[in-house]
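What follows is chain A paired twice: with chain B in the first complex and chain C in the second.
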Partner chain A sequence: MTLKLDKKDLKAFLETLMEEYDLFAPVKLAEGVSIYKKIDSPDEVDLSTENPQKPAKEVFFPQSETMFRYEKAGKRYQMTSTEGVERERVILGARPCDIQAFSLMDDVFLGKEYKDVYYGNKRKATTIIGLACPHPLSTCFCSSAGGGPFLRKGSDLFLIDLGEMFIVELLTEKGMAFQKNKFFREANTKEISLAKGIEEKASTKADASVPIGGIDRRSDLMMENPFWDRMHEKCIGCGVCTFLCPTCHCFDIVDEAITDKGQRVRNWDSCLFPLYSQETSGHNPRPTGRERTRQRLMHKFNYFPKNFGRVACVGCGRCILYCPVNFDIRQAIKLTSPKEIKKVKDEVDLTRQ
Partner chain B sequence: MIQEKIREKARELLSNKTVDLIIGFGEGSLPLRTTPRFIRDPEKVNRLIWNSFCENNLATYLHKFSKLKVGIVVKGCDARSITALSLEKRFKPDQLFLMGVPCQRMVDRRKVGRAVKGEILQAREENDLIHVKGDGFEIALEREDFLYPSCQACMHRNPIHVNVTLGDPVEESPLIESYHEAKRFEQMSPEERWNFFERETSRCIRCYACREACPMCYCTECFVDSSNPKWIEKGLSPSDIQFYHIVRAYHQTGRCSGCGACERACPMEIRLTYLTQKLNRDVKELFNYETGIEPDIPPPLSTYEIEDKQDFIK
Partner chain C sequence: MKNPYFPIPMRVKRTSVETTDQMLRTIELSFLNEEDKRAFHFIPGQFCELSVLGKGEAPFGIASSPTENGSLKFTINKAGVVTTALHHIEEGAEVGLRGPLGNGYPITLFEGKNILVIGGGFAFTTLRSLIAFFLQPQNRNKVKDITVIYGARMPGLLLYKEELKEWEKRDDIKLVVTVDWGDKDWNGKVGLVPNVLEEVAPSSENTYAVICGPPIMIKFTFPKLMALQFPNERIYTSLEKRMKCGIGKCGRCNIGHLYVCKDGPVFSYDQLEKLPKDY
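Up next, the complex of A and B:
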């Protein structure tokens, strides 16, 4: 069902939305820097920004999340659960890449073997209002990763920006609940065809040529390849690419305790940090950047497909845009072609002599 | 042309086995960017380039290659970092060959990006202009309007204590007042300073890009990673984040060359150099010391004299 929302009604729409839901949307923190954040006032919402630095995964999988609290009460400990979600939630303005990433996160956190209650409760309570990407950047390669700038899958409602208004598509049962919303009106054929035009133009823009298909098989025998000797060299080992990745989902669980009370917290962790794989004995099975860079790429393009049948990359391009040393994952993917691997191997062998 | 000189020297150093590895800059995958390049084969030196987008401080890579003889392309600030690291005995004698390049000052790619509407798809540098091109626009921008603040204020563009200087010396004349960020910070009231620091650090995602980009941050175990004792929690509580940033900055006292690598690396564009610059200014005023100028004099906070004045103890 296709409706429209006038931008002059946006604020009022958000106000009514916030009466019923906790609203999460892009908020500008500084010039060119934005994140998804719980909204206190509709004025904070900024749908004009580029894709925010921090991906929308944070709404379901916060960077730092309390799992429970504990406090000494007499001789026993009193535990307080933090699992529950008090109100229904709406994510507004998530891009198709981030929304595609939710389904990959679902594989991990809501898979057959294990269901994560913290992630699951938030996920279940959330309505997703996706926002189409009319201007994919040159670093965007969602179209190579099974997505696209107008991919609707995963959205309950889907917005297309027409300048003065948004086209609003109601896609699921959760979306249809908005059918009677007083700010939504029927879109006319002219507006619908305008949206279609934008869609057609955008769909040619996101790079569809990054050779992701078959990478899980190609990378099968790469574990000990000298390829990695060179691949990691420029990586400085910070966590930018993993923290800003919409599909990276590793975490570390710690107790934050003071005397007789505390909380168990899980924080995002990055396989590029040495501490990530450091064992209690002091031994580190991934002692250098070589093993850590390999882990990041192999997890995305080999282990994850083995476990869940698709790569853990949605082509959002954040790791390319924000890497301090211009490590470009597209180049790494291209280098996994047998011909390229042989070239690198020959070069390493030559210089090893 | 500097780029040719770099390639020529790199070829020579690799061919006659003076070094095993050259670290320099190569073509980036995005406009307005370069990327660190590691060359071992004298036939591949043409991958090295030089332009106003060579923003990284390559000295940070030297910790990775402690077993190799390394030739490295350095700007004024990078060379000073290496002198400071040498004072801390990070290198074996003759392990390094410094190819110094008098620096033309580096261009702030994000500032350029914001000067135009739309994404820049191509960029080209020509004399004092940067030509940028995107979907529906093509303009030339004055290079000087888009320099990194740390470069504008730089007083040591000519690399010192290097094995060879490639290119003609440049004039040491800051374009803006030196220590300008520190001075601006000093002029704030304590409350304003705190608000500024608080606002900037509130964006921190603890990716530690600032730490990893910095050549002076090489502790085997950073205090934030220590679990016994645990100095700091790992979440996003403002006090933990602020603690990290204060300690990171303080640990640089007298060791920071002011290269700006920390700030350039930050994906959340947190202002960082005003803090280190303030410490640099204090060290200059109190001890007349500047990082990486004197190859034999350790930074003031790393040494002591029994005759040191102690009149600050009342």
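Up next, the complex of A and C:
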């Protein structure tokens, strides 16, 4: 069902939304720093930034999250889990790449064997209002990664910006609950065809040429290849690519305590940090950048497909945009062709002679 | 949805120092809630995450056998924050527990076969669980011969000394204990585990080998097992890696596409051969 929302009604719409839901949307904290956070006032919402720097995964998987609190009472401990979600939630303005990433996170956190209640409870309580990307950036390659700037899959409602208004598509049962919303009106054929035009134009812009197809098989034989000696050379291990990646889900668990009271907290972690895999004995199975870079890329393009049947990359391009040393994951993917691998091997062999 | 990160409360029933260097302590835990006790079923080779609230959580192999009802034993090497806290913990104190986690030893595969257990140092804990499990009268006829080769650097560093003496007296288990360096009271074997294995030379026919120990011991023992004609798929080992969640979410313990916490910690050598050497 296709409706529309006039932009002059946006604020009032958000206000009514906030009466019923905890609203999460992009907020511009400073120039170049846009994140998804809980909205206190509709004025904070910024839907103009092309793609917020920090991915929307935070809404389900916060950078730092309390798992339970405890207090010592005599010899016993009183433990209280913080897994519950108080109110229903809405994410407004998440882009198709981030929304596609939610389904990859679902594979990990809501897998067959163990369910992550912290993630699952938030996920279940959330309605997703996606926002189309009319102007994919030069670093966007969602169309290579099984997505696209107008991918609707995963959204309950989907917005397309027409300048004065948003086209609103209701896609799921959760979305249909908004059918009677007083700010939504039926879109006319002219508006619908205008949106179609924008969609067609945008879909040609996101790079569809990055050779991700078949990379899981290609990379099977790459573990011990000198490719990695070359690949990690310029990486400084800052981990920004993993923190800003919408599919990276590694975390650390720590206790924070003051005398007899405290909490267990989980914090995002990164496979690019030496301490991530460092054991107490001093042994580190991934002692250098070579093994750690390999872990990051192989996890996305080889291990994850083995476990879940698809790559753990949605082509959002953040790791390319924000890498301080211009590591380009697209380039790395292209280099996995047998011809390129041989070239790297020959070069490395030559320098070693 | 059950919260897999939420520990159950356990009481420290008993603690005892295992080794002369004081670095290894066994703690015995009993369940504080009857329903937790009823719901807890494990097999040898599985592990638990133990919590000392305020200090953190760390994974430990279960050293007791499922046949020893009512309590769980863990032998803990004092190495970091959590293990030090567990060394200082008093009897009667409460600790948190999550588990059982991991796959455990392939008990049903072993049925009707001989088992050769090779252990080194404090890695002997889950092997002890395995041996005690099969030595129980109701389980003893599930496997044929049980051969155990267990080594430590020095006599004082052997775990479960009293129990080893008990096992030595039995005729339904062949136990060879060895040390790298003996002392004046030591009458047993002196020699490194790989060499002792060569000397004892158990037949590989109809036999599964389970090996657990420091990497250096494993490195030199594998070739000896090969020489004894053990095929890769009949050699099992249990791996350790840095872990947090224990349920395959937090990321760090993977070797290739497998997670040591949920797909392991027990792997066959055949499986390991096919994985990257990321451990």
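Quick notes on this structure:
Criterion: the second predicted complex is superposed on the first by the 353 of 353 C-alpha atoms of A that agree within 3 Å, B and C clash if a C-alpha of one lies under 4 Å from a C-alpha of the other, contacts with A are read in each partner's own complex, and residues count from 1 in each chain.
Heads up, the rule we're going with is that a residue touches a chain if its C-beta (ideal position, glycine included) is under 8 Å from a C-beta of that chain, and two chains touch if they have at least 3 such contacts.
What you are looking at is a predicted structure, and each value in this text was computed from that prediction instead of being measured.
Residue contacts after overlaying the shared chain place A:E83 against chain C, while chain B stays out of touching range. Of the two partner chains placed around the shared chain by superposition, chain B is the only one that A:N267 touches, whereas chain C remains out of contact. Touch criterion met: A:K306 reaches chain C, while chain B stays clear of it.
Once chain A of one complex is fitted onto chain A of the other, the partner contacts of A:L3 are absent, as it touches neither chain B nor chain C.
Shared-chain residue A:G32: touches chain B; no touch with chain C.
Of the two partner chains placed around the shared chain by superposition, chain B and chain C are both touched by A:V254. Within the superposed three-chain model, A:R286 lies in touch with chain C and out of touch with chain B [touch as defined at top]. Once the two complexes are overlaid on the shared chain, A:L157 sits clear of chain B and of chain C alike. The intersection of chain A residues touching chain B with those touching chain C, taken from the two complexes, comprises 252, 254.
Taken together, the chain A residues at the contact with chain B in this complex read 29-33, 35, 53-54, 63-64, 135, 137-139, 230, 233-234, 236-240, 242-244, 252, 254, 256, 265, 267, 270, 273-275, 289, 320-322, 324-328, 330-331, 347, 350-351.
Residues of chain B that touch chain A in their complex: 28-30, 33-38, 40-41, 56, 60-61, 64, 110, 113-114, 118-119, 121, 202-203, 205-209, 211-213, 225, 233-237, 264-265, 267-269. Only residues 1-7, 9, 51, 53-57, 79-80, 83, 92-94, 96, 215, 240-242, 244-245, 247-252, 254, 256-257, 262, 276, 278-279 of chain C touch chain A when the two sit together in their complex. Taken together, the chain A residues at the contact with chain C in this complex read 67-68, 70, 72, 75-77, 79, 81, 83, 108-109, 111, 113-118, 120-121, 223, 249-255, 257, 262, 264, 266, 269, 271, 276-281, 283, 285-286, 291, 295, 298-299, 302-304, 306-307.
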